[in-house]
Structures are given as structure tokens and as C-alpha cells.
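The block underneath contains the structure these notes are about, expressed in C-alpha cells.
Chain IDs A, B, C, D, E and F follow the sequence of writing; residue 1 opens each chain.
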């Protein structure tokens, strides 16, 4: 199993959600985050310079079966493309999963 | 610079004698109580700016809240200027059938309210103009370019709204016809709602509001506490709006009737909107109830002085229904109005104007008894003609104005700006800066 | 449908002549200045609805904020209807010792304030009724079923509150006894607080408010800025509440005394509540200071016209203490009152009523000098009797009403609803929709 | 305890005869309309407390919002007490050139407004004192110790502000010189702004506000909707502040002129601040526009009665510019003023006072025609002297007071407290408790 | 060492916290999240249908010693059961831990 | 590649950001979190005792090359020291990274 973490822009979320649903990936966890951008944005607030280094981002977390990894990555890419294609995905090994309801372990619980 | 300075100095000096002369000659003719009443009513109406600001900000997304607030602050500022320089002259400067034409910059301007100094009467009218303008900001929220909005808003309050105002209240052709719009269901609300309709239609729906299959997909407001506060403030201000339109305390009973009607109609609107929505959609929706309050208020604005309290309750109940069905209708018409400005102000404004011809009572001051009061349909006809003319003028003039602005400055922000939110791109700030974490340093 | 329409038409028409006749005959008897004063005071009191809404929403969790706001919007709407149809007739319809019985739907109703039209006087009384009702929404927040609340609220304002009001202000048995409650420490606040007490007790504490060991565990308010705004708005409105209860400007000095007392008492309440809480709990707690302001305001409501400014300061200081100890007491009594409505309105209402018998001065208009003013305990006795009767009536009638509602509709939402928040389950929306991320689409 | 009780009883009793006697003798001399006007104006000004609270809370970080709100609630409470006990006597207790000295605790105090009872006049003045005090809370927000702030605030309203007030409005040396400050550009705003300046300078900038290289680094406000609401409320209240300063409705036209000027100046201020900021910084900044509104309001406060509407527009425009450059100047001077209180109140207060000597018109009630009105520089000289004296007194007395407080109680919270936020460490709560997740249980 | 991530409903947090404290697990990190539900909720907002696909969830992150894993999972289950038993747990290998104060590494720093 | 997760106090963020930028680490993701403290804080809210067990924390997530790990940990420590040195870092293996724009995988995409 893999844990896939994608960090994208807020406006990308709807399309990504649709793309995931389209490939029957219906389980994930979303958090608001702030992320770095290629370059800091300059703003003026009350006449003084502000270097905005952190921007609104959305962090998606998906635990997926190894077999499903490519489908999920594909869906993420497709969804992300709809709004500029920004974002990155981080993939790590997932050792185990458990459903709190029945305590079942392993990939069946995904 | 120097020339500018000289010109300014002249302008500053000019009005002085005019005002001074008037002061010397006229003081005895003022009625202190009436002046106080109109002034305080104007302050209440001014407070409605805060109400609109909070309502609109609360019903949209956080990323566009500062933008809509900025529009609310600035459109009143421009309205004040525009109505001072031009609007008042067009609206109250003489008896022309179509427009007035004297009293630019209030120089030698006259008050249309006996006993109330022109400055106070101007203020009362200026806050009405501000209301008409600010209605638009809600219906085009989250996508209308700030700079273009400012231009539109200024022209509306300086030139367009005053024309309609002149027709009805300034001695124009509709006042001559016994068209009755006590506090502005048509003049302010139906007209403001018409501008809002044209603007919302021309600027197009927000990205994502309509799904590919054409059905609407909700974009919930980010702060219902703010929206609710806004509605309470508007209700408070409406006592000034309606009751203050007596422009005098010489008839306490009419003032009282207006006040009770301004209470029962919104109460009825809230109840009917809530209950209808509950039946139709399954749950009592707070935002619908809030719109119901406003619908009731708009509906009673024209007839508030000439209907009985029971009628006002009925008018409010009907207005609440108008709001619920109006919201629906707009979605079907593929028009996106984030705050419900068009059903509330436009539709209930028209309905309220017609209500004079239905429930109005001659004994209470209506030109004729209304349809349900045994007076036949004549007054209803006049009301229909009047509101149709004003709405027609508003629709056409708004279309021309917005077309011109569209071709020169553009109406809508870039897609990327809309996605990120207008606050960051148009104003360089966030409505809730650092509320999550500090994004800078 | 058709029959309904006919009936409605009749109702609409009926009041017309009545009102018209009154208008024709009565106009000279109205006092324009007094009318203006009572009307503006009513508007200020109406504004208190916004204050209660913001205070209550701010002091509870975000997940129930829309629900409590909806209750605030709707209970005033129902209050307006109920007080129009029935309440006013019960409260002011004649001199019966127990209830009035004429003027249903305001038809042929009379104003109890000389020179003020019945419509304006009605409005002033209706906003008071609304206040009494809305006190309950705070104490039962976060768990009371919306539909049941609406029923309770309507019956309270249409039938229960007016009974007490009739006893004290409408010519009933307590007014005959020289019971003095100038602006409603008992009539509005102690009575509203009693309803709140019974309701909070019967609906039970919020899940998680009491630990297994019986000690209370705080559930912090989600927005103290909103709560603070609410208190400032309430303070503003209270100038209308208290000073407007003169119902006339014929005695400017009394109006002035009420106004200064309405300033010093809440100031004293804020100070004493803050300082006592600081000593007892270690830190100056904003929510306690806010409750202190309100306690001072409630405490001065009965005696505001008949005590000196220094006395009002003392009354405020004591009221602030009452609030702090009252909050404590409720926790010990295992009653959960999320916003402190019971200490503020109930306890300070009783205290304020007694204060007339302690600090009241005959020279300023009290029936007798109070205990500390050398007048002995007679007035204090009357005050105690009066407030006890009203509170007793409120407690008993609330118990019966709530029991009936409990058995038919139920008082409390399901546990799952309470956990998720009433906003989503009862209203299908969130107070801060999409504030975090958009949950739909 | 017992002795305390006896003393209190005496104090309570004392004023009774005094007040009663006055009531008996004086009633005919009161003007009901003027009393109503001043009272309602005072209520409007009181509402400004809510405005300041929301503005200041909105423009700072969430972690210090409860602290600043607590300061706003409590400084008015202490102001009411201090101005009741001492302030009024110093300000209006007789014709001494430097201070008044009778009417402590309002006993035997006299109203300085003909026809208005002393209690109402006191209230109008007390809310002004509250305004002067509360200006400071914004400029020292996010770092000033709560306890020390309370002490400073009490001394300011009880002793320092009243001295300046006496000079200008209480019959002191400046009133004798024909110094004209109609509603307090100097007395309230420049003086309050001076206290704010000294306090902000002495307490030092917030951690992180200045970078190592000395440039400022923004700390964005956490809720611009609250800040905008605050500004609208302030604008509403300002109609009471300025127009109410007529203290009478006997001259409706002056009231009217004040009202129109109180509309055009802030509109001008908003426009010029926005446009200048747009040109200089690239975007129209909402917070700057809000400060522009306030700058315009402060600027017109002194001259509101004696300038023409066009002049008021110009004054507002200049004031808007003053705000933008003032914000800049403070950053260069390494003074951190989170809400812009010093440019808005201090600088525009001075400018507004001078404006009387520039645009004032004798025909409208100014002592002399102003510089641009052909009257030469004499009035401007008097205005400069007056504002310089008052500001000088404020700066020096504030320095002494704050030095004393610094040496005894300390001005600034610990660094750890500042980093965590003052809400948690000073008050034991959070402004948005549990808004994210519940932190306890 | 393991990193245990549990995603549960907000109302489950108090009981889970108590259960963790009861087994002396006193160190964890909590974030608000939005999570998918078995089926989308239908709401009507202003008369139009809304498919609410994401719901308020709480994300707990616990770094634990291998030996403590079962205790922690047990506590999570027990706490979750008190309010409906919803939720899932994701377990992955944790390579290292460091305390920022002293730079100490390894499982002692947990 | 490693995924480094640091949980620190909000007031530590600015210095940590500067320290990371100083070593040219310019890419990371930040979320607000609540974390446990060595001991619960006692507060009184409206006169009743409140055990505040969870405190405002900031969670930083940095995906880094194995080679850069020590630099990053050093920067985190240095930045954290500026404000009390609180906080902990959790390090786990990262299997893969993908850029959504071009679908590129592997450590080049970091």
C-alpha cells in the first residue's frame, strides 16, 4: 500500500475531486495548507512591502493499494491539468491500515 | 497645479454667500423637529450601508470579502460626491417632466421638504441614492472588476438614479400621474434591482456556479453571522427609510402606521420565506429567511403609509414567497446573483409598488382605493405603468452603460484572479490575513 | 383557497375604517415630539435583537451559530405577529386585574401613552416582548429543537409575557399596588430569565458540559469579537429601553437621569464583575466583563428613573457581583446556560426590582423612599411581592408550556445532531461554509 | 466593611436632595427637543465605542483580539466613572483659565448647554471622553499590559483630557481667545492621538514589525470585515459627534450644514486616500480607504459648522492624503501604530483644527474668515496656537504619566506573552476559542 | 518506530484523547481535515442541490515505538467506539525522530 | 528521499523559515495544528476550570533528498533555537515524488 500526498492550489480541488471520483477513488483526506511558491509574491500592505512566501494550498492524502497507484496518479495529473497543472505528489510506503469500527487490518480496509 | 488651486479657491468661496444669504433669510422657516426627524432618519438609512456590506460579505466566499466591502465603502463615497455635484440637481432641480436642471453642487438648491434645510434633505436623498447603487455590488460580487464597478456606480448615482427619482419624487411626469411610491419600492429597489439584473447577466455567472448540465451548484456564504448582522442592521435602517419618508412629524399617526407596517411586513416575509423553503427544500434555511425579511421590507416600502397593518402583514407574506420563487427563477434563467439582490430588490420592489394598487386605502392617503379595497384596478394600472417605466428605463440605461464599460474597461476580472480571489489580486490583501498562519516573514 | 381569500380580504378591509376614523378624529391629540421619541427608542430597542444575536452566536460553538441566529431572526418575527394579534390586547386591553381583553389585531386598540399613536406605542411594546422572548434562545442554545423553540417563543410573546405585562404596566393588580418597575427589570428580564431557567433546566445540559464527576467543563465561545459587538449593541439599545420608557419628553430631567444611570450602572457592573472574577479566578475574563455590563444594565432597568447616579453606580456594582456568583451557582445547580442569560436577566432582574425598594427616592418619583434612603422596608416589600409573583407565574407557566411541548414535539435534538451541530442537521448549512475549504463540488 | 457601608449610604443620599431641588426649580427651563437631540447624539457617539472596538480588533492579529476588545469595554467603563467623579468638574466646573473645580460627582454641577439637563450634557461629554481614551488602545495594541492600560486610561479621562476640554469648551483660556474647535478635532482627536503617539513610542514596536534593516514588515489585520464594520459604525456615530455638538436644534441649518459636511469630508477622504495609495503602492488598499474615511471625519470635526460643503470635500481630500503620508512617516520614525490611530486622529486632528483658519467663513459662524476665504492668517494663527498648546500639553502629560506607570507597573507584556498572544496570557481565553478544534477536554 | 495517522469525526476526539491519556500516550498532533464519507450528503442551499462530498474530520498523528503500537491502536479503537466507531488508521514506518532542543535522535526522543 | 515533518510553535515559524531559506531550502508545506504540551495548561473560563491539553502548533512538511537531510535538520534546529528550541521532527522514507505538471518522477522533482 502507498500513502499519496498531493499538494495543489485551492482552485484545483474541484477538478481533482471529479477526476478521482471518475476512477472510483472515493476515499481521501483533505487539509488546508500553506505552501511555498517558485518565487515570493510582493504585496504592499498599508504602504509597506510584504514578501508573501506562503500561499494557500490544499493537501490531499490518499491511501491506496499498490495496484491502484498509477490510476490515482493519473487521475491527480488529469485533475490538476484542468487548472494550470500546478502541484506535487509525494509517495511513501504504507505499512498497514486499520478500520476503527471492526479493527480489521490490511489493504482490505482501504 | 496653480490653476487648479485658483479654481478650487473660487469654488470654495462661491457657495459661501449663497449659503449665508439663505441662512439669514430663511432660518425662521425651518421646523426644528422635522429637521431632526429627517436627519436622524438619514443617519439610520446611512447605517444600511454597513448592513449591505455585512450581508454581502457574509454571503460570499472569504476570498472576495474585502473586495465587496471596498465596493461598499467606495460606492457610497462616490455616491455622495456624484449626488452632491449632479444627482440632486437632476432629481430635484425644478419641475421638468423628465429631468431637473438646477442646483448643481447644491448652489442655490432648494429643499423639497417644507421646513427642512436643503442640506438635511440632501443627506436623506443621498443615502437613498447610495442604497440604490450598493444593491448592484451584491449581485455582481466575486467577479466584477473593481475599477469598472466604481465607474458604473458613480454614473448610476450621479445620473441614472436621479432621473427616475425626478420622475416620481422630483415633480416629473409620474408624480403628476398620481403614481404612489412612498419610500421607494420602485425608485430605489426595483431600479437598483434592475441595474443589478443587467449587471449580473452581462458579467456572467461565477466560475463553477453552473454545472455542465446547467443546474446550479451552491457556493455557500462564508459567514452567516455577518450576513445576519447585516440584515438586522438593514431592518433598523429601514425604519428611517420608510418612516423618515414622511419628511415631517406633523402627522404622528402616519409615521406610526409606517413604523408598524415596517415591522409586520418583514416579519411576514421571514415567516413565509422560511416556511415555503421548509416545505419545498426540506429545511428552514437561514439565508432564505434573511432574504425573506428583506423582501418584506422592500415590498412594504411603497405602500407603507397607505395600507393597514393587516395588509402589510399580507404584503410581507407574499413578498417572502416572491423571494423564494425569485431565487429559483434566476437559477433557471442562468443568472447568478450571489446574495439574492435581484429577487429581493427587483422583484419585491415591483411587487411592493403594485401592492399600493391592491391594498392601498384612500382613507389612509392613497390616491385611490386598491383592488382588494373596493377601488377597482385604476390605481393598480397607474402603479404598473409607473414601475414598468422606471424598470424599463433602468434596464435600458444600465445595458448601455455596462456595454460601454465592457468595451472600454471590461466588466470581469481575469479567470486567474477570480480563482485566487479578488482580494489578493485587486487589492493586495486578504480579508482574514494571517487568520490561519502568517503568510509572510 | 377561495374561502381563505375571502376571509383575508375581509380582514384587510376591516381595520381600514377603524384606523381612518381614529386618524380623522384624533390627530390633534398626538404629540409629535413624544411620538418621535418613543419611535426612535423603539428602533433602538429593536436593534437589541442584533445585539442578542451576536452575543449568543459569539458565546457558543461555530457549529450551532446559524441555528441560534435563525432563532433570533424568527422569534422576533413571530413575536411581532403574536403581539400584534393577541399580546397587545392581553397586555393593554382594559383594566382587568389579571388580563386585558380588547384590541385583538390592534382593532380599536388604544395607546397607553398620552399623545403617542397606538401604532408607535405598540411597536415600543412589541420590541420589549421580542426581548423577553429572545432571552430564552441563549440559555437553551446548542441543543433545543428549532421547531419546538418556535412554538414556545410564539406562545411566550403572544400569551404569557403579556399577562405579566398587564399586571405591571397594563393596569393590572400590581400597578394598583404601586409596584415600581420603570423599564422592566421584572417584566422583561426576570420573566425572560425565568423562562430561560425552566427551559435550560428541562432541556438539560449540553453533552460534555458536565464531567462525570459533576464539575463543569468549559465550552468556549467561538467568536468573542461578535459577542463584544453584541454587548455594545445591547448597551446602545438600552438607552432606548430605559430612557424611552418615559414615553414622553415632557420631563427632560427624568430622561436625563435615566440616561446617566443607564451609563453608570453597566460601567459599574463591568468593573465589579471583572475585578471579582480577577480575584477569584486569577484573570480578567472578557466574557465575564461582558456579562457584567449586561447585569448592570438589567439591574438599573427597574430603578433607572428613581435613583441618583451614585446609587445607580452602586446598583451596577452589586449587579456585576450577582452575575459572577450567579454563573457559579448555576454550575453548582447543574444547569447549563451557555451565554449566562439566567444570571444576567433572571437574577439581576430580580435584584434590580428590589433595588427600587432599597435606593429609590420619593423625590425622584419612586412611590416611597427606599430602605437606604430612610423610607423603611415597605417599598422593598412591595417590590419583593411583585417580582416574586411575576417570576412565579413565569416559572409555572413555562413549566407547563415546556412540558406540553416536550410530550408532543420534544425539546431536544437527537444526540447525533447535537454532536454534528444543529446548523447542518436542522438547517442544512454551516455558519462558516467553505471558510476552511469548499466542501462541495 | 461596616464603615464602608455607612460611607456609601451617605454618598447615595447626598445627591438626592440636590437633584430633587434642581428638578423642582428647573424643569420649565429645559428644552425638550434640544434634550432629545443631545441625548440621541450621545447615544450615537456611544455607539462609536463599538466601532473602535471592531476596527481595532479587525486590524490586529486574532491572538490579541480579545485583549483589545476588553480594553475597549473597560476603558469606557472607567471613563464613565472617572468623568463622573472628577472629569466633568475639571472640564466644566467654572471659568478658571486652566481648570474647573466644582461639581465633583456631578453634585450641584451645571450643564453648559442651555435647556439641556446636566445629566444629558454630562453623557454627551462623557462619551467624548471615552472616545479620546479609546484612541490609545489601538496604537498600543498587541503589546501593552492590560493593568497598566487601565490605569493610564482612567487618569486620561478623569484628569488629563478634561484639562484640555476646559481650555477649549469649558471657559478656559483658549475659548477666551476665539479658538474654534466645533466638535473636537483638537480636543478629542489630536489630544487622543498625542496620547497614542507617546504611548506607542514608549511601549515600542511589536516584535517583528521592524526588520533588522529597519524597514517595516506588515502584520496584516485578521478580519477586515470587522474593521469595515467598525468604520461604518464610526461614521454613523460621527453624525452624533459633529452635528450633536450644536447642542441644540434651534438652528436647523447649522445642524444641516454639519451633517452634509460630515458626509462629504469622509467621502473625500476615502477617495483621496484610496487613489493616492493606488498610485503610490499599486493597488487600492481597503485598510487605507478605511483610514481615509476616518481621516476625513477627524479633519472635518473642528470646522464642520463653519465651512461650505465644497470646502468640506476639499478638507476631506486633504485629510485622506494626510493619512497616507502619515502612515508612511510613522514607519520612517520607527513607531508602530497597528491601526493607524496616530495619522488618523493625531495628524488629521491638527489639520482639521488648522482648516478652520483656512476654509472657515465668518458668515457661517467662524470667528474670522479663513486664509482662503480672504480673511488673512489671523484665525489660522489662533488655531495653530490652540492646537499646539493642547497637543503640547497632551504630549508632556502623557510622557510623565507613562513614565510613572512604566517605572511602577511596566508598560509592556513579557516577550513570551506577546508571542503567544495577550488573550491567553492576560485573559486566559482565546478570541476564537475552539473555532479550529476544541483544545480542551 | 511507527507513524500512526488516524482520521476520525470531530465528536470522537474527546473520547479518543481520554483513551490515549489513559494508556499514557500524551504526545500527538492534531489537525482539522475534511474527509470523504461512504456516501455524499444531499443538502439544499437556497433551494439548490448541494452534494457535500467532504465532511469535517480530525486527523491525529502519533509517532510511537514499535512496542507501543498495539496499545495505541487499542486506545484509538476504544476511544472511537464511544462515538460510533467511525474512522480509519494509517500506519507507516518512521525512520527517525529528533528533538529540536538538543538534537537528540531516535526513539528516546518520542 | 526523506519526508521530514517538524511540529513547532507558531512563534518559531518566522525564524525557521529564514533558516531554511538561508540553506536554500525553499519548498515546503505548512499546516496549522494542535499539539500536546509537556503538561496541560490550567485556565479559568467563566469561573470554571479548563484543562487545555492541545496548543497551537505549526506542522512543516519537507520532502528532501537524502543528501540534504542533515542540512535541513540543522536549519530546523537553528531556526527553532531562536525562539526557545521547542519542537520535534519526524523523519520517514519517501518512496517517490511526482510533479503534476509534467508527470516527472524521482528526486529531480523535489
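Please note the rule applied: a residue touches a chain if its C-beta (ideal position, glycine included) is under 8 Å from a C-beta of that chain, and two chains touch if they have at least 3 such contacts.
Bear in mind that the values here come from a model prediction, so they are computed numbers and not experimental data.
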| item | value |
| --- | --- |
| Candidate from C-E, B-E or A-D with the same interface as D-F, over half of contact pairs in common | C-E |
| Residue-number overlap at the chain B/chain D interface, same or different (half cut) | different |
| Whole-Å separation of chain centres (CA-atom averages), chain A against chain B | 44 |
| Whole-Å separation of chain centres (CA-atom averages), chain A against chain E | 18 |
| Chain centre separation in whole Å, for chain F relative to chain B (CA means) | 50 |
| Touching two or more other chains - residue numbers and ranges from chain E | 14, 17, 30-32, 34, 43-45, 50, 53-54, 92-93 |
| Sites on chain D at which at least two other chains make contact | 33, 36, 40, 208, 217-218, 220, 223, 229, 281-283, 285, 287, 428-429, 433, 436-438, 440-441 |
| Chain D residues within the chain C interface of the complex | 8-9, 11-17, 19-20, 22-23, 26-27, 30-33, 35-36, 39-40, 42-43, 46-47, 49-50, 53-54, 57-58, 65-66, 69-70, 72-74, 76-78, 80-81, 84, 105-106, 116-120, 122-123, 126, 146, 223, 226, 229, 426-435, 438, 440-441 |
| Of all residues in chain F, those that touch chain A in their complex | 3, 17, 21, 26-31, 61, 63, 92-101, 103, 109 |
| Chain C - residues contacting chain F, complex | 215-218, 220, 277, 280-283, 285, 287-288, 324, 327-328, 331, 340 |
| Chain F partner contacts - residues on chain A that touch it in the complex | 2, 5-8, 31-36, 53-54, 57, 59, 73, 76-77, 80-81, 85-93 |
| Chain B-facing residues of chain A, complex | 11, 14, 32, 34, 43-45, 50-55, 83 |
